[in-house]
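Labels for the chains are A, B, C and D, by order of writing; each one numbers its residues from 1.
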Amino acid sequence: MIRVAIIGASGYTGAESIKIILRHSETELTYLTALPEECGAVEDVFPQFKGLCAMQIEPLDLDKLSNLADVALCCLPHKVSMGFVPNLLNAGLKVIDFSADYRLKDVAVYEKYYVKHTDTENLKHAVFGLPELFREQIKGAKLVANPGCYPTGAALAIAPLLKEDLIETDSIIVNAVTGASGAGNKPSAKFHFPNMNENLFPYGIGTHRHMPEIEQIASDVAGEKVTVLFQPHAGPFDRGILSTVYCQPKGKINNDQLIRLYNDFYAGEPFVRICSNAPAVKDVAGTNYCHVFPTFVKGKIVSFSAIDNLVKGASGQAIQNMNIIFNLAETMGLI
Amino acid sequence: MIRVAIIGASGYTGAESIKIILRHSETELTYLTALPEECGAVEDVFPQFKGLCAMQIEPLDLDKLSNLADVALCCLPHKVSMGFVPNLLNAGLKVIDFSADYRLKDVAVYEKYYVKHTDTENLKHAVFGLPELFREQIKGAKLVANPGCYPTGAALAIAPLLKEDLIETDSIIVNAVTGASGAGNKPSAKFHFPNMNENLFPYGIGTHRHMPEIEQIASDVAGEKVTVLFQPHAGPFDRGILSTVYCQPKGKINNDQLIRLYNDFYAGEPFVRICSNAPAVKDVAGTNYCHVFPTFVKGKIVSFSAIDNLVKGASGQAIQNMNIIFNLAETMGLI
Amino acid sequence: MIRVAIIGASGYTGAESIKIILRHSETELTYLTALPEECGAVEDVFPQFKGLCAMQIEPLDLDKLSNLADVALCCLPHKVSMGFVPNLLNAGLKVIDFSADYRLKDVAVYEKYYVKHTDTENLKHAVFGLPELFREQIKGAKLVANPGCYPTGAALAIAPLLKEDLIETDSIIVNAVTGASGAGNKPSAKFHFPNMNENLFPYGIGTHRHMPEIEQIASDVAGEKVTVLFQPHAGPFDRGILSTVYCQPKGKINNDQLIRLYNDFYAGEPFVRICSNAPAVKDVAGTNYCHVFPTFVKGKIVSFSAIDNLVKGASGQAIQNMNIIFNLAETMGLI
Amino acid sequence: MIRVAIIGASGYTGAESIKIILRHSETELTYLTALPEECGAVEDVFPQFKGLCAMQIEPLDLDKLSNLADVALCCLPHKVSMGFVPNLLNAGLKVIDFSADYRLKDVAVYEKYYVKHTDTENLKHAVFGLPELFREQIKGAKLVANPGCYPTGAALAIAPLLKEDLIETDSIIVNAVTGASGAGNKPSAKFHFPNMNENLFPYGIGTHRHMPEIEQIASDVAGEKVTVLFQPHAGPFDRGILSTVYCQPKGKINNDQLIRLYNDFYAGEPFVRICSNAPAVKDVAGTNYCHVFPTFVKGKIVSFSAIDNLVKGASGQAIQNMNIIFNLAETMGLI
């Protein structure tokens, strides 16, 4: 049994990770940590686990960690994570990091959108953990940067087009709507129920940190620099991201070829489904699936994707990465 | 034109009061106050009023207040309000207070559920502002204690039965569900969207402060001591309270008589509608109406009521009280 | 592997049953049926199963059924089910019936609330499938009447009190709120999104068919005739039932004894959790758990329970029953 | 007092129109019609109007209509409306038609997206009722085609850019999300609460009928042919449309000039507010306002708009048009 620690277990991605590991037949939870004020019995922090998980969430002790775990799911927030990851790696663990700290390869870009990077050494070796696009690199990784929720949905919607050089690389617009769990479990005025309910609004206009991340993935897949206009919105539902991606086809391709391209590109992928009509976030909520539907509208390609932001967009994908690293069936615990 | 000040204008009841006064033909807003950190242009604090209200919300200045207003809608929270109301009264204003500070006539009960009362003098003269039950007293009042949202719905559901001595006074159970705006605009873990959405839960079990308030109204109407078991719940919608009140009939009364009793009791009331079937909170949302439906089930009387907690349960009722005090048409601004 | 047929697989309980069986390690889906107009590939009827279930939903063919399955989950509606169940039994299958047709032992009561009963012979031998109360009888059953969603939540909330003769048997009031999936997948004006959203309303006032079912269970547990006033409401969420049950204690019992009683009564039960504070439907949504919290308020016992109406209130409980019948671990597929 | 008839009063736009007219000081409702099966007392069809409107909704009688009303708000659906409007005009009434039947000037386009047009004569004289863009023509109109909800939001978001020839006319992408009331009051599988709740999905991909309507308005404003890629989505809320419009600037314009352009273009408009940050549908819900926020992102102009689909997108705008036609204050009944 692979021993799993969750660092920062008290938030939504922590809970989702616990839930998946509890169902996973080849791994076991051995250590759960959080900030002191968020510690306590798992069943008190998350009543849904009463009787299923008798563990405590404790303040992090690195010595305990190194004895207790083979892999760490590091669910800490951006900027905080890079203060811990070096220690987790030094303790001999494989690390799957949920934050943005090891996603952006260009330190300057990271520092523009976040803060000064304090662990550029490990950043160099981190692998971007989007299995459908970078599976081979993930296999041998010690440190996986688990992708952001938006970048996951956006990248899967257009990767085949980028790979085959079928779209203008400066034409991509990603319009996305996320459910409110995407904002985390910390109460705020924007996500206070009477504000978020019956509401829908854009945010992060021109400034969202997932924009450079989407561009990095897109450029990696295309093999050339790709720019992306990314506009997120928040909607009144718990889970899910619907991405509507608009782009300008560059060569000649018809709708049948488009569908075939996507089916071929994702053939054998256990978690990508090419749909024959509009995807809906409810069809993927609570699952690790990504539903994709590409089509033509008025001469442009419009590609839709739907994921659950906490599963394929976070904890599910992390465990998919873990399965790959440890050479387990990729779907284990996830279906 | 009657000049209206709103003290504590930055919350939900402040916004609702502003909205109603803006439509009210015989009053005008002249002064809006809040805590310094919540001040600013009305259109910044509440984007929905852009172009409709050019005023500022300012820190309270009693001298300005006494020059600018005839009446204060005091939207401060419990415990805070009684620190301000004496000054508002001394400034020569009529006061309609939204807090609980002047509702409970028995100081000991107040102090059991809240804190030490610091203005028992004004408490003696305060009138309980539920127009359908205490209209005559409201007419000449200087200080009206605007009722709580739950007590409004619960009392209107059973007042006819209490008045006519038709139910056992120790048999009353009020089961109520409120929309989330009832918790106010301050973000909290319970009312964070991802917790409140897709949820329903009881709270204040055995301890809710509206229990003694309901008992006081019920006892006043009945002319004898009435006890009430009140159990509130919170549900995933913005506005509305549905109260389901169970009680044991004491004399002989059939269903036709029951309906007739309610229709007679509320005859001429502009804001109470006796329904012929199940009321729904959506039918009253955004209005000052209370929908009531009494019936018999298995030998017990079950009386349902629906109100909007922010209108009939707060700001609408306050302005209904203001209309009564100033001898205006009671429905002005409210239809 | 036990071979499972689902009769009437195209609705919500069908989908939920498919989902659970797909995760169940000792059973396999072998036959899915529905009305002709609702047939088709599972992945077309339920996009969430694309790639997970390659089966077709077909019109029922009894010969195929008898060859293909060991047990039938019969998800047909009330009144329809009893036209099929005799054939399913004759085909040699164990049957777990989701409808009300085999729940009410008193034919006269059934016929008052539903229609003329056409299969009273099998009714005699049907076992009421609430494992926490009737596990021994379920073990050897050929035909299990899977309980209604409301009766499940209500009965588990008060069974210990009834068993120990601690409450007045004519004092019980069950106030319950269900999520909208409880109304099934057929579009209707009441459950049209713009009506149900931001709404909450009572229904089935004095007439709901689960009232006699709750009374039957309560009487069976108490060993004497129990009457229950049951009032359901519908709220704007997908899943869950919160039951708030009020009753009059008859003997002397204090709060500590009450808690101990519940903990003892449900000791070892895998799906009942006694909570130490207010349960919330979101804590049980998507699970087979029932959260129960009993307490005293103003001299009455108030017991709260929360279940997922489609899981513990339908498909989960059916599979719990199936596990019991086939001597499998009771939690298999359900955790 | 101007006498108003509502033809097709039993739906959402009928209810919203009734609500507004009841508050309108210079008009009165004199005649309400619907299909026979949807007729009845207003207070039975719409419980929220109990005590406010004692009228009946009746089957249409043209003789009565011509005697009773000066203006008809024709809330009939597409294709049906053009069978009635000639009679309404012949009866001497001004007509404000909510359907698409008189919106598209090019009969061929109409017939491509709808059906054969049977009243091309009146179509020629119909005025497109978007006051902010076509106020002068509306003033003298006998027949106003009230705009679609999506076209209203989309057109107001980009009209200043089109008017000033600042964007590439083949670059416009309108990504919009509507609340579920946009689908009308007829129950359907898509808008059944358990499907629509916790969901978000695109629909009408490449085929939505508002696409040519948006193109027509855009072309009229620009004075040249404009093409638009329009992609609608449905989200889990009652009211509101958020439009996110992407377009390629063609000349040189900076952000300050952009903001100034919008402020100048809409100066004096009572119902358009230029925001300084992201608009939210909740800020306009229940109002006739359109909130607009234009900005630059990555070299493209992104312009957001928010409206209430039933008010500015339907009934409110109709009454705004009515006010213009009858030379009343344009905001009457709407603030």
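By definition in this document, a contact is a pair of C-beta atoms (placed from the backbone, for glycine too) under 8 Å apart; a residue touches a chain by one contact, two chains touch by 3 or more.
Worth saying up front: this structure is predicted, and the values here are computed from it rather than measured.
**Student:** Please identify which chain has its centre, taken as the mean of its CA atoms, farthest from the centre of chain D.
**Tutor:** Most remote chain from chain D, centroid-wise, comes out as C.
**Student:** Could you let me know which interface, A-D or A-B, is made of more C-beta pairs in contact?
**Tutor:** A-D
**Student:** Need the CA-centroid distance for the pair chain A / chain C, whole Å please.
**Tutor:** So the centroids are 36 Å from each other.
**Student:** Taking each chain's centre as its mean C-alpha position, how far apart are chain A and chain B in Å?
**Tutor:** About 46 Å, centre to centre.
**Student:** Centroid from C-alpha atoms only, then distance chain A to chain D, rounded to Å. What do you get?
**Tutor:** The separation of the two C-alpha centroids amounts to 39 Å.
**Student:** Out of chain B, which residues touch more than one other chain, so two or more?
**Tutor:** Residues 195, 197-198, 236-238, 280 of chain B each touch two or more of the other chains.
**Student:** With touch defined as at the start, can you tell me which chain B residues reach chain A in the complex?
**Tutor:** 12, 180-181, 183, 185-189, 191-198, 236-238
**Student:** Can you list the chain D residues touching chain A in their complex?
**Tutor:** 173, 175, 177, 179, 195, 197-203, 205-206, 227-229, 231, 233, 235-240, 242, 244, 246, 277-282, 285, 295-298, 300, 302, 304, 306
**Student:** Spell out the residues on chain B that touch chain D in their complex, using ranges where they run on.
**Tutor:** 22-23, 47-48, 50-52, 198, 270, 273, 275, 280, 283-284, 286-287, 289, 291, 335
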